[in-house]
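Each in structure tokens, the structures are laid out below.
Two complexes come next, and they have one chain in common, subunit A, joined by subunit B in the first and subunit C in the second.
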Partner chain A sequence: MDLIMQFIINSLIAGATYTLVTLGFNLVYGATKFVNMFHGVLAAVGGYTVFFFTQTIGIDLWVSIIVGIIGAGLVGFLADRFIFSTLRIKKASNLVMFIASLGAFIVLQAVLAMVFTSQFQSIVHSVDSPRVYEIGSAAITHIQLLIIITALFSSFGLVLLLRFTMFGKAVKAISDDEEVAKIIGIDTNKIIGYVFFIGSAIAGIAGILIGFDTGIQPTMGLAILLEGATASIIGGIGNLYGGIAGSFLLGFVENFGIWKIPSEWKGAITFSVLIIFLIFRPQGIFKK
Partner chain B sequence: MAYLIHLAILFVIYAILGISLNLVVGYTGLLSVTHAAFFGIGAYIVAILGMQFGLNFFVGLLLGVVVAGIISFLIGFVLSRLGGDYYVLGTVGFNYIVWSVLLNWQEVTRGPLGIPGISRPKLFGLDFTSNLAFLFLAVIILGAIYVFSQSIVTSSFGRVLKAIREDERAINVFGYNTLYYKLTIFMIAAAMAAIAGSLFASYITFISPATFMVMESVFILAIVILGGFANLKGSLLGALFLIFLPEALRFVGFTEDIAAQMRQAVYGLLLVVLMLYRPQGLLGEYKL
Partner chain C sequence: MKETLLELKNISVHYGGVHALDGVNVSLDEGEIVALMGPNGAGKSTVLKAIFGLAPINSGRVLWHQQSINPVAHEVVRLGVSFVPQGRRVFTRLTVEENLEVGGFIIKNKPELNRRIREVMQIFTVLERKRKYKSGTLSGGEQQMLALARGLMTDPKVLLLDEPSLGLAPKIVKEVFQKIKEINERHKTAIMVVEHNIKSLLEIVDRAYILDKGKVITYGEPQALLKTDILEKVFLGKFE
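This part shows the complex of A and B:
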């Protein structure tokens, strides 16, 4: 029974982490219709920015976190300005966009490794053990609780933004049909730029929280992205709500899967779920 | 001179990988990111059979071809029904699963320790232990694969592949069973990758799962893209450039670690620049 409680908590933590990745991934996919690999490395950018400002320069933690979030957002925004917007003007196919994002991903990952070495590092400076809350005999650390709370607030905030602002309506129009949105006078390029900034900033948040929970490494982006993409496929790619549901579903499948199967097979479970969904329900659990 | 022979052998192995992947990506238009999985399957079969049962290299090579053929049939059957983004993500997922098996099926693969001491090929008194003799063997195999691939792409079978790439629905209407064509070329390419894998294992004499990760598939894809989609000579050029590039970087005076990251950064940048200005690759005849 206690074991089940811990499994549920672990599933929620994983689901919340994936949610933070899918929010931005789906937002960008909805507006641009391509699998943006670059999204993954933005998590690493967020994590390393905080690492750099707190440990190398020695700035206050909260200031560093805000710089990290804005930094990741800016890097995503710039990638759109210099690469993806140019490709959109050229009417490049979604696979060309995918390869370009993969290339940009590799470049930035290599740059991070050159600057910060390819070693696994910890953002947390202090050696004191993290605060742990007990629920029955199950446990959750302070930072893990923060991941769940942040995921809830980010989801809620993004939904409000998309539902109740002109910006949100413009994004919806672009997601439905970019050409028509342009014709009715929406500055699609500007809106997509904002979409990249917001989506990338959320990826930065994800990277920072993962960094505090487990640590950072230049190559962390690929796994984060693929897990996020899997959660997105489960919920229906480009569908924000579906992505959130898919994230928690994936979190539960993975964590209850390793109840019976040794935990090193977790990645294999994830991608088996991905392939099963691609075959039997490529449109995701919520048909759109 | 010995060093040049070493590079030449690596070039031949990656040229085989590039040519075979081009059959799938360039000629048939299926953006597969899983070639390293079949590369790994070929390598591990030669290594395991050689070490456990003292089996001859050439028998191992043939068995690797058969196993890669069977596995590619099964996964190809599943993936061939997908298109665009979904196909890409599905292949990435499969590569990850194969890597996970190599890493975690420790009784057979020795897991992260890898398999050392793989022997060089011997056949009827012919001994390919020296690097020069090995290069000779590798070049013969590359030549055979090149001629075979060339005959495929110029045959009527190859014309159907190109037609699938241009408009799969149309060629379906004409009564061609496109699944059969896509599956066949996928299996042929997988078998060729397994041959490259067996050469790699017996040349380096040590293999570990780290060589066969998703990023290796991306590297092979970069060879195809750089050289050009649907051009076999292009794949030779791509392999030549990407194998000799890190060596050039080393001669400029970068340390080994930085040079490795520089290689990544340069080929990532190449992907971005090509997608922006020459999406068909240097000698390519087809744009994604």
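This part shows the complex of A and C:
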């Protein structure tokens, strides 16, 4: 019974983490229709920015966190300005965009490794162990609870933004028909730039929280991206609600899967779920 | 003498080796309705796209109030020109009301935006009843009305319509043309409307241009055009 409680908690933590990745991933996909691999490395950018400002420069943790979030947002925004928007104007195919984003991902990941070494590091080296809350004999750390709460708030915030603001309606219009969006006066390139900033900032938040929970490594982006992309596809790519549903479904399947199977097979579970969906329900849970 | 609002001077548009437009001259005066007619692939849509900077202009000029402009899609609407493109293209993920809202994207004043929504809903009463529906659930005719209404949100001086009758039953086509005439008369909106070969359109227009293979074959008042057999010739592919 207690074991089940712990599995549920672990599933929720995983689902919340993936949600933080899918939100931005789907937001960008919705507006641009390309699978943005670069999204993954933004988590690492968020984590390392906080690491750099707290450890190397020695700035207050909260300030560093804000800088980390904005930093990830800016890096995503600049990648769009200099790479993706340039390609969009040249009418590059989605495959070209995909490859370009993968290339940019690898380059930035290499830069992070050169600057910070490829070692595993923790953002804070606090001596005292993290605060832990107990639910029966199951446990959740302070940071893990924060991951769940942040995922909840980010999801809500983004849904409200899209539903009730002119910006949100413009994003949906662009997602429906970019040319007509231009015709009615929407500067689509500018709006897509904002979309990259917002989506990337949320990826930064994910990276920072993961960094606090387990630590950071330049290569952390790939694992995060693959989980997030899988959750998005399961949910219905480009659909925010689908991404959230897919994230939690994946979180539960993975964590209950390793109940009976050794945990090094978690990746195999993830991709089995992906393949099953691709075969039987390629449009995802939330059909678009 | 009426003022010329919009003018295309010697416009050529080439897509690779395809000459979609070849030295086309077209103009639109204050308050008039002008038709662009011609067979498939004549270049009718390209004329409207060129005005919005959505077609690659190789040579020639676009004039707005006699001034040469370099059209950028999201800025042309700010001049007072609206474009309702071919194939309806309503935003299916948005409701009828939200389609109208984004149609008024350039209106930054919220009460003004709401006033415009009410006004266009008065012209297209069917939209009033379906304001909360996702626009993807509307019928073809209703979607065409929505596309028209969305184009009117900015209270444009010039309205560009690309095949508003496409895929509609004859009865609905009449209704749409009626609305177009009504908009023109009530608001003095100058309208450039593209159609294939619909004689009933000629009943509501002041002038018509006949296009074929990227060139203007002839233009003039509808009565004059109807007296000749030029329309039949062009549409049967017998024009050389």
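Keep this in mind: the second predicted complex is superposed on the first by the 288 of 288 C-alpha atoms of A that agree within 3 Å, B and C clash if a C-alpha of one lies under 4 Å from a C-alpha of the other, contacts with A are read in each partner's own complex, and residues count from 1 in each chain.
The rule we apply is simple: a residue touches a chain if its C-beta (ideal position, glycine included) is under 8 Å from a C-beta of that chain, and two chains touch if they have at least 3 such contacts.
Since the model is a prediction, treat every value here as computed from it, not as a measurement.
**Student:** If you stack the two complexes on chain A, which partner ends up touching A:253: first (subunit B), second (subunit C), both, or neither?
**Tutor:** neither
**Student:** Look at A:188 in the shared chain and tell me whether it touches subunit B only, subunit C only, both, or neither; answer first, second, both or neither.
**Tutor:** second
**Student:** Is A:78 touching anything from subunit B or subunit C once the two structures are fitted on A? First, second, both or neither.
**Tutor:** Neither partner.
**Student:** Per the contact definition in the header, classify A:92: touching subunit B only (first), subunit C only (second), both, or neither.
**Tutor:** first
**Student:** Give one of first, second, both or neither to describe whether A:176 is in contact with subunit B, with subunit C, with both, or with none.
**Tutor:** Only subunit C; A:176 stays clear of subunit B.
**Student:** Give one of first, second, both or neither to describe whether A:222 is in contact with subunit B, with subunit C, with both, or with none.
**Tutor:** first
**Student:** Would you mind checking which one, subunit B or subunit C, touches more residues on subunit A?
**Tutor:** The partner that reaches more residues of subunit A in the superposed model: B.
**Student:** With the two structures laid over each other on chain A, which partner does A:166 touch: subunit B (first), subunit C (second), both, or neither?
**Tutor:** In the superposed model, A:166 contacts subunit C only, not subunit B.
**Student:** After superposition on the shared chain, which partner residues are touched by A:35: those of subunit B (first), subunit C (second), both, or neither?
**Tutor:** Only subunit B is touched by A:35; subunit C is not.
**Student:** Once the two structures are fitted together, what part of subunit A is touched by subunit B and by subunit C alike?
**Tutor:** Residues common to the subunit A contacts of subunit C and of subunit B do not exist here, since the sets are disjoint.
**Student:** Across the complex, what residues on subunit C touch subunit A?
**Tutor:** Contacts found on subunit C: 52, 54, 73-78, 83, 85, 89, 91-94, 98, 101-103, 105-106, 150, 153-154.
**Student:** With touch defined as at the start, can you tell me which subunit B residues reach subunit A in the complex?
**Tutor:** Residues 31, 78-79, 81-82, 84-86, 88-90, 92-94, 96-97, 100-101, 103-104, 214-215, 218, 221, 225, 257-258, 261-262, 264-265, 267-272, 274-276, 279, 287-288.
**Student:** Can you list the subunit A residues touching subunit C in their complex?
**Tutor:** Those in contact with subunit C are residues 166, 169-170, 172-173, 175-177, 179-188.
**Student:** Residue numbers of subunit A touching subunit B in their complex, please.
**Tutor:** Touching subunit B from subunit A are residues 34-35, 83, 86-87, 90, 92-100, 102-111, 113-114, 118, 222, 226, 229-230, 233, 237, 262, 264-265, 267-268, 271-272, 274-275, 278-279, 282.
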